[in-house]
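These notes are about the structure you will find just below.
Lettered A, B and C in written order, each chain numbered from 1.
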Amino acid sequence: MSIVPQIIINSIIAGSLYALVAMGFSLIYSVTKFFNLAHGVLAAVGGYGVFFFGRMLGLPVMVAVALGILIATLVGWLLERCVFSPLRSRKSSALVLLVASLGAFTAIQALIALLFGSQFLTLAPILEGGSPFTVAGATITDVQIVLVGTALAAFVCVWLILKKTSFGKVVRATADDEEVAKIVGINTHKVIGKTFVIGSMLAGMAGILSGFDTGIEPIMGLPLLLKGVIAAIIGGMGSVPGALLGAYLLGFSENVGVWFIPGEWKDAISFSILILFLLLRPFGILGRK
Amino acid sequence: MEYLIHIAIFSAIFGILAISLDLIVGYTGMLSVAHAAFYGIGAYATTLLLKMLGLNFFFALPLAVVITMLVALLIGVVLSKFKTDYYALASLGFGVIVYVVFQNWLQVTRGPFGIPGIPRPDMFGFTFVENVAFLLLALVVLACVYALARFMVRSSFGRILTAIREDETAISVFGYRTTSYKLIIFTIAAGMAAIAGGLYASYITFIAPSAFSVNESIFILAIVILGGAGSLRGPLMGAVVLVLLPELLRFVGLPSDIAAQMRQLLYGVILVLLMLYRPQGLVGTYKL
Amino acid sequence: MTNALETKQLVKKFGGVVAIDRFSVQIRKGEITGIIGPNGSGKTTFINVLTGISAMDGGRVVIGDQQEKGGIKAWEVFELGIARTFQNIRLFEQMSVQDNVLIAMTKRSPLAALFERHRDIHETLVKEVLTRVGLYDKRRALAKELSYGQRKLLEIARALATSADMILFDEPFAGLFPEMVRVVSDILKELRAGEKTVVLIEHDMAIIRELCDRIIVMDAGQLLAEGMPKQVLTNPAVIEAYLGV
């Protein structure tokens, strides 16, 4: 039996997860021009939201998932309103925003650990998974199928919003040049707020799906964030199709890499890829400039 | 009393780390999140030289500093290609890579198990077994690092670093090769971090990768920013405050896991509040 | 008259846009050369290429009798005896006025700079240039605390402090009060009297007429006209480019 189909499936699963994080991160970067490190912790917020509503309160799965996404979105939006937006209106440097988002990340992650403990938890009992499917000699669970489907659906939705709606138009205008967008009468403050809502929603979904797939722990946000950022940069910062492409490329290179190099080196590999990209092609595959 | 000495030693070690990181972040304007990597390389190199070659601490430490500076030079060459947030990200990348090496290069670092039984320093037959003696040693080293940092920032060299922070393009037109300046200060600061690493290893007598993770880099950064980047008193003060503060939590009687999380929560909130209300830190003048 | 600087078929592109198009001019030693042209005609880009802020895409620059091929690195500019000011004021904002000027005078090599403290010799020169622009009393203030006009003057002081043979001024008069305009134009005249070469980008034709020995007119990255102010400013092509008739 060949191992190749399984590697391909695993790559697609990992890539889908990274894509959910990367698209939101890249979208937020495109309008704010700063690395929102707090983005990753929203995944943990989503995962723990489902844990709280589903396992602790015993609400139905779908309700718990909806509430989990809602709470991740809310936290993301609040961060924008209470921290990032005031800093931007003060014309703070990119460094200040970066440090503030790092602080928010650290604080929220610690808060989750204080509320729920820092051990690894599983969401599985909420969802009675069926038996895994076998496709061309590779196994994939139903959660993983949902994960892949969600990532692709999210991409199509975001892409359609950006290309076909009037909201997408103002997002692109703000991304091109916030000052000019303001001059032509776009309320960039509102646009950025809504972008945070979309991005945070995606991050929350990533956390929830990853929670159903493996489990949740307070520090789950960091690896997700780092993979999302790397994917976004490889694909081209600020480009949503780029984020998707970068995510799958990263997923493949990691899973193929593990074939040759022990798994513990995975993080080192991803970061080496990142640094290589930053050096040789800093604007990514689909990025401009 | 013994407890206070312990805290004082830690404050000194983190004082060295914070002053050296401040040279990179506060004076030159490069947001490095890789400092714990050099702290760690210094600690591991000192440990290996002590344990495998049986060198005296006072020979092992300078050698470890040189080794760390060589690694920093290589990393610095790559990092010097980046600016602002990309710099931060790439430095984070190096931080993670070095950490993964500590974790997985089992033959040398013993991975997560760590290396126990590191000897305390000794000099002319006198061993710094007593913590009081070690504190004195740590303070002397801190004073030397402080003096060196002060010498550098007060010279024309220091003024040039600050100008690079303010506008690298503008200063290069005045005839300065900014890349060499950035590389030099990055390498020197990494050497200082290695000194802190050597002190830490021989004080605790045990090292494991977790002491040199990305979280530790963020902690050092928080010290610098809290105290006031771009000043030398600031990081020192920040080190004392941030080493002391979590100890107070322990006094309240919280279990250690919860205390650790409270610490993280505190650091995070401090960073956010500082950025919002006091970007120059407690005693600094430079607004990030 | 010898040339302080000469460009040969200089080209600069941004993406597909040609900002400077086969641009060949001479700038004569000891003169004030004005560069005029409509907005976006490539004046600032020209100075940026000369000072290594933007890399050139073609042509050559000859400085004095040293051949320069391919391009100029920003840090070489000082060694070539050139200093400049920036149109969009680029001071070291969170440094004192005095430190802003000292940067122009200290040792360039890292090792030498490490062992250098600023001494009397610096103090004298700092006092001289800051007094010249009326900022000596403000020497301990941070650059960002100065008014717009003072900031412009500080940039000029910083360029003067390099003692460069050639200084490129990018719209030094823009937004200045009349008395400050007087200070700056006196400085430019003094530079000329001291055999220094001055390049001046300026929109105000009265100032150009008063100060410049020669004028270079740029339009769409190309050389439109050059010569004495009287001839050039009555040239129909120049008038057309300016008024868009």
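To be clear about the criterion, contacts are C-beta pairs under 8 Å (C-beta built on N, C-alpha and C of every residue); 3 or more make two chains touch, one makes a residue touch a chain.
Listed by chain with UniProt protein names: C = ABC transporter domain-containing protein.
Keep in mind it's a predicted model, so treat the numbers as computed, not measured.
Chain contacts in this assembly form an open path, with each chain touching only its neighbours along a single line. Pairwise, the chains sharing the most contacting C-beta pairs are A-B. Centroids built from CA atoms put chain B at 31 Å from chain A. The geometric centre of chain A is 48 Å away from that of chain C, both derived from CA atoms. Between the CA-based centres of chain B and chain C the separation comes to 42 Å, rounded to the whole angstrom. Listed for chain C are no residues, as none touches two or more other chains. On the chain B side of its complex with chain A, the touching residues are 29, 31, 78, 81-82, 84-86, 88-90, 92-94, 96-97, 100-101, 103-104, 214, 218, 221-222, 225, 257-258, 261-265, 267-272, 274-276, 279, 288.
Contacts from chain B toward chain C in the complex involve residues 152, 154-157, 159-160, 162-163, 166-167, 169-178, 180-181, 184, 230, 285-287. Residues 51-53, 74-79, 83-84, 86, 90-95, 99, 102-104, 106-108, 110, 113-118, 158, 162 of chain C are the ones touching chain B in the complex.
By the touch rule above, chain A contacts chain B in their complex via residues 34-35, 83, 86-87, 92-100, 102-111, 113-114, 117-118, 222, 226, 229, 233, 262, 264-265, 267-268, 271-272, 274-275, 278-279, 282.
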